[in-house]
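The structures considered in this document are given below.
Note that chain A is present in both complexes that follow, paired respectively with chain B and with chain C.
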Partner chain A sequence: MTVKIEVKEGGTPHNTIMWAGLLASLVCLYLGAGLNLAFNAYTFSFFGGLAAVCAIVWGSNTIKTLCSYGIGTGVPSTGYTSFGAGVIAMLLASRVSWYLAPIVLVIVAAIIGLILGYLANNVIMMKIPVLIKSTVELVMVGALVLMGLALMTTSSYSLLSMVSTQTSLLGLPVAGHAGSFIGIAIIAVAFILGMIAVQHPFNATLGPSWQQDRMLMLAAEVGFLTMIPVAFMSIAYLSPLAVIVSIVVSVGGWFYTYNQFLCLSKRDAAAWLDAKPIREPEGH
Partner chain B sequence: MVENIVIGIGLTAFAGALASVAGAAEDVESDIGSQGDPNSQVQLAPQMGYIHRIFNKAVSGEPPAYGLWVALGAGLAAAFLQVNINPILALALGCAIATLVQGIYATTAYLGRIASLAKFGQPVYIDILKSMTTVTMAHAFIAIFTAVTMCYLMNAALGHPFPLALLGLVWGIALGAAGSATGNPFYGKERQYQNQKFGAGVPVAASGNIVRYAEAGERNSLDNGWFTAKLGGPASGVCFGLIVFLELWRTVLFESFWAGWGAIFVGLILILIFTFIDRYAEVWARETFGPYAKPEGAAK
Partner chain C sequence: MTVTPKPTGGVGMDPVANALSIILMIAIIGAAWILFGWNTLVFKALVAVILGGALVGFGVHFVPVGGAPAAMGQAPGIATGVAMLAAGAGLAGLFGGAFAVPLGLLTSVVAGGIGGALMMAITCLFVTLIYTYGMGIPSASGKVKVDPITGDTQAEYKSQGTEGHGLPFSSFAGGVIGGFLGGFGGTLIYYALLQVYEAKLPTLLSASASAVAPVAVSLAGIFAIGMFLVNAVLAAYNITGTTEGFHDPKFARFPRAIFASLAASAVCGIVAILVAAL
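For the complex of A and B:
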């Protein structure tokens, strides 16, 4: 039995969140890759994680819009779809130069999402009014999150940095692909991390007393939470300073958003009780 | 050649033992957190007027959630191994960080779901978070650590071609699926719905009417963990242990036949054998215990 979900009016309009999320995510990607190139450093890789946070916030609201049409238990599967298609767009886009890659990523993701959405809506006959638009958005979100996490782990989102390790041994550059982002399948971890992160905010706050600001705060929280293990994994590719900066940014952001989410939950909860018995409602 | 096979069989048995522990811990963890399909009734209960003190932490279905925890532990361990950290330390550190992520996800899932049920007067019992999150994290750590160690054995000792993190993703999803399929009937039917007849399903009139009071006082999720640790957990452990053991056993022994097709052929035979066992057990259980001996429609 699925839970009935009511469509809530009010709050920030979805299109505003969509454009804000897309632009902020792109800006963060460019900032991270550009600053890393300009200073020839790894320190700005954490911008990739921030790009992922922006995309996750946007994606959670898209899932909310899509799942208002009664997809109760299908919430996690929307995450799978978006990331399964997003990884294709991400790998294709990583072939072009750094200043074109994010734009190519968004365009390729939109095309894949359009095809998937058309197949789901018109061939499998799901007939959900917002399905095509939502699928396009979700594939973009998946691709942006994956590219952001790739940037955060390897300091760049080019294919070369994803399939080879850039570490130097005794001052000599050592090239190898066995320990790379794709070689030891860190990309699989990024895939499942992002996928759970995108579906979790709505999946965890669905119900009759759903509130948009609480869900978006939770989305930011899981975004920063996703950054923490990614920061630890970047230890294999980045300089110690860059890893420490990434950990400080992600833990700081997580702490703030988690605290805010606690406050919002306290605001919305029917009661906030500590070690109290069950309160039976009237008539039971 | 023979020594290789003997070592392979020994590793297979060890991996199977690790998988048994992982399956048992996974099931108890998910039952304490009320994850998996019985959670739909726990989620529904307050809407039907049954306020409860169950830890409702649905991060997602068990297979994707465990895919994440185990892949995360394996991925972190793989990254630590890249910087030449001792393998045992790398595995333990990776799994510890993955467990922290699991615990944080669990708290936000509980708070979010319960706060969204405010309309029906379901309060947030903050003591549930304090007392149960750590218990689920402890079980999750055992499940993640044994599963990641098993993947490491496959990768490093048995020479599996997949990298550690990918093995973690695949086996994590399998672990969650095994625990979900085997353990959830114990948790859902025998615990949350123990007031219904065996085999009766959940009729609409009983929707959300989960068992909320214990022998003494009110039932919480630790009681459910205690109950499922007795039968549901070990059953899930046997299930996942058998999956891992038979999978590796057929590969180690029969891969050399017919250029690898021998292992696939033995796998097909195993599937057939288990299909017959499952069918026999199901029919036997319904005829022996169930009130519905006749097919539906002819009942009563």
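For the complex of A and C:
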């Protein structure tokens, strides 16, 4: 029998990242939706993107925790589960009022994740100690990322705002469905963007000399990178000011995190360069 | 320092867990019966979604998956992960089936199946071309002595120290069957959900049926993709890594994946239906 032997030293414990990611993501969702409603504006939609970034950072660490057991199906498959079940939880939660939706989302995602985790662990007999907990977390992450991206695109995460769009015909506001977030399937783009973003950080940094801070910084970088196309898609739904704010936040955040990631990569690369090559003794 | 056993993919079945998964499925079907009645669109859609999910979970077991070893010519199969291949074939099938929805259920699901099978056939063909003429390796199975379909012997062509390489004929045929089942099941899920949304969304959004048609199509599509991925990943967990297709000993594990797929599709299906039917 092969065993997984792992020495844990330094780094942030997973539970800390989990609670921080969950709380930060929920706070960002409430801030975005609440401030948009309070000021009757679109300007605070970018908080949705920040919620997605927080969830992606948390999700990447969950994937690291799960995949260090070697699940045999590749890291991307965890992202698939995350978003495949997450989109279902997110759309059910979007039916309720804005202040209940994120809580309902977390509860529904937890139930679906618990059942899927139990099926994978006990029926399929994966027998991985962290599988159930990780699946619960991953479904929550998927749902939170999608809800955040929906908020960023349409200024709200209610189903009604996701399926309808206000267009002006000869100066009169007309409600349409065809061009909406769901009607034109922008949700599919958000789905794929988020799915890649959540599984990429660990997939790209795994292996020898894996460093947690480097992976988390890459996760934040990918999260901000995900925000940029979403900000451009929101041109169709938001006021010009809101779009400009979104683009500035996402490009600025991406630039900063990418720089930091580059620094961390250089740090770890320098550590590798310092290793001396194996010298061959002379005179044999 | 933590020492934990690595997953071995598991053998045998856990009767308690299987019974629980079946009880969960029956409970959800029963709840739908009590809430909506048995002769309603919602109930029929739920049953179709569960059936489609089980077909997807079963179909994934046919797909020859080689993973990284196959890319190095050390294991037979297509050189990528289970979930990737299943998603590729299933989504290709789903697109094909979705275009055929106006022609009715049977045409639609068969079109979806053919779409998935075609995708897998094209993938297998080009994989074989690259293996044979690009990498210069013959197709040989490591799991069986004789190809179950053509009857060709395999051992002479298999390099020592490998588990076989290339794409044996049975794996090719298995891939096409798996693509068909995946596309068939995925389109069945899509079709069932589309009927529910087309019926329920006009009252929910107080708009005409033609106005909400794009929303219904998009919702059904994204849910079908989501449920497809969930079932494909569960089946991928069951295979743990590489498989050669239906002649691989790992194929015998498929009952577990069907139990899991039935319960998972029931849970995801009822939630997806409740989005519009609540």
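Note that in this section the second predicted complex is superposed on the first by the 252 of 284 C-alpha atoms of A that agree within 3 Å, B and C clash if a C-alpha of one lies under 4 Å from a C-alpha of the other, contacts with A are read in each partner's own complex, and residues count from 1 in each chain.
Methods note: a residue touches a chain if its C-beta (ideal position, glycine included) is under 8 Å from a C-beta of that chain, and two chains touch if they have at least 3 such contacts.
Treat the numbers as computed from the prediction; the structure is a model and nothing was measured.
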Chain B versus chain C as contact partner of A:Q199, first or second or both or neither: first
Which superposed partner A:T81 touches (first chain B, second chain C, both, neither): second
Partner chain(s) touched by A:R214 [first = chain B, second = chain C, both, neither]: first
Which superposed partner A:A188 touches (first chain B, second chain C, both, neither): both
Which of chain B and chain C A:I124 touches, first, second, both or neither: second
Which of chain B and chain C A:M233 touches, first, second, both or neither: first
Which of chain B and chain C A:V108 touches, first, second, both or neither: second
First (chain B), second (chain C), both or neither touched by A:L225: first
Set of chain A residues, in rising order, touched by both chain B and chain C: 1-3, 73, 76, 80, 183-185, 188, 191
Contact set on chain C toward chain A in their complex: 1-14, 16-18, 20-21, 24, 67, 81-84, 87, 205, 207, 211-212, 214-215, 218-219, 221-223, 225-230, 232-234, 236-241, 256-257, 259-260, 263-264, 267-268, 271-272, 274-275, 278
Chain B residues within the chain A interface of the complex: 40-41, 43-44, 47, 49-53, 58-61, 64-65, 67-68, 71-72, 74-76, 78-80, 82-83, 97-98, 101, 104-105, 108-109, 111-127, 162-166, 168-169, 207, 212, 218
Contact footprint of chain C on chain A as seen in their complex: 1-8, 69-74, 76-78, 80-81, 83-89, 91-92, 95, 108, 112, 115-116, 118-120, 122-129, 159-160, 163-164, 176-178, 180, 182-185, 187-188, 191
Complex interface listing, chain A residues touching chain B: 1-3, 73, 75-76, 79-80, 165, 179, 183-186, 188-189, 191-193, 195-196, 199-201, 203-211, 214-215, 218, 221-222, 225, 228-229, 232-236, 258, 261-262, 264-266, 268-281, 283-284
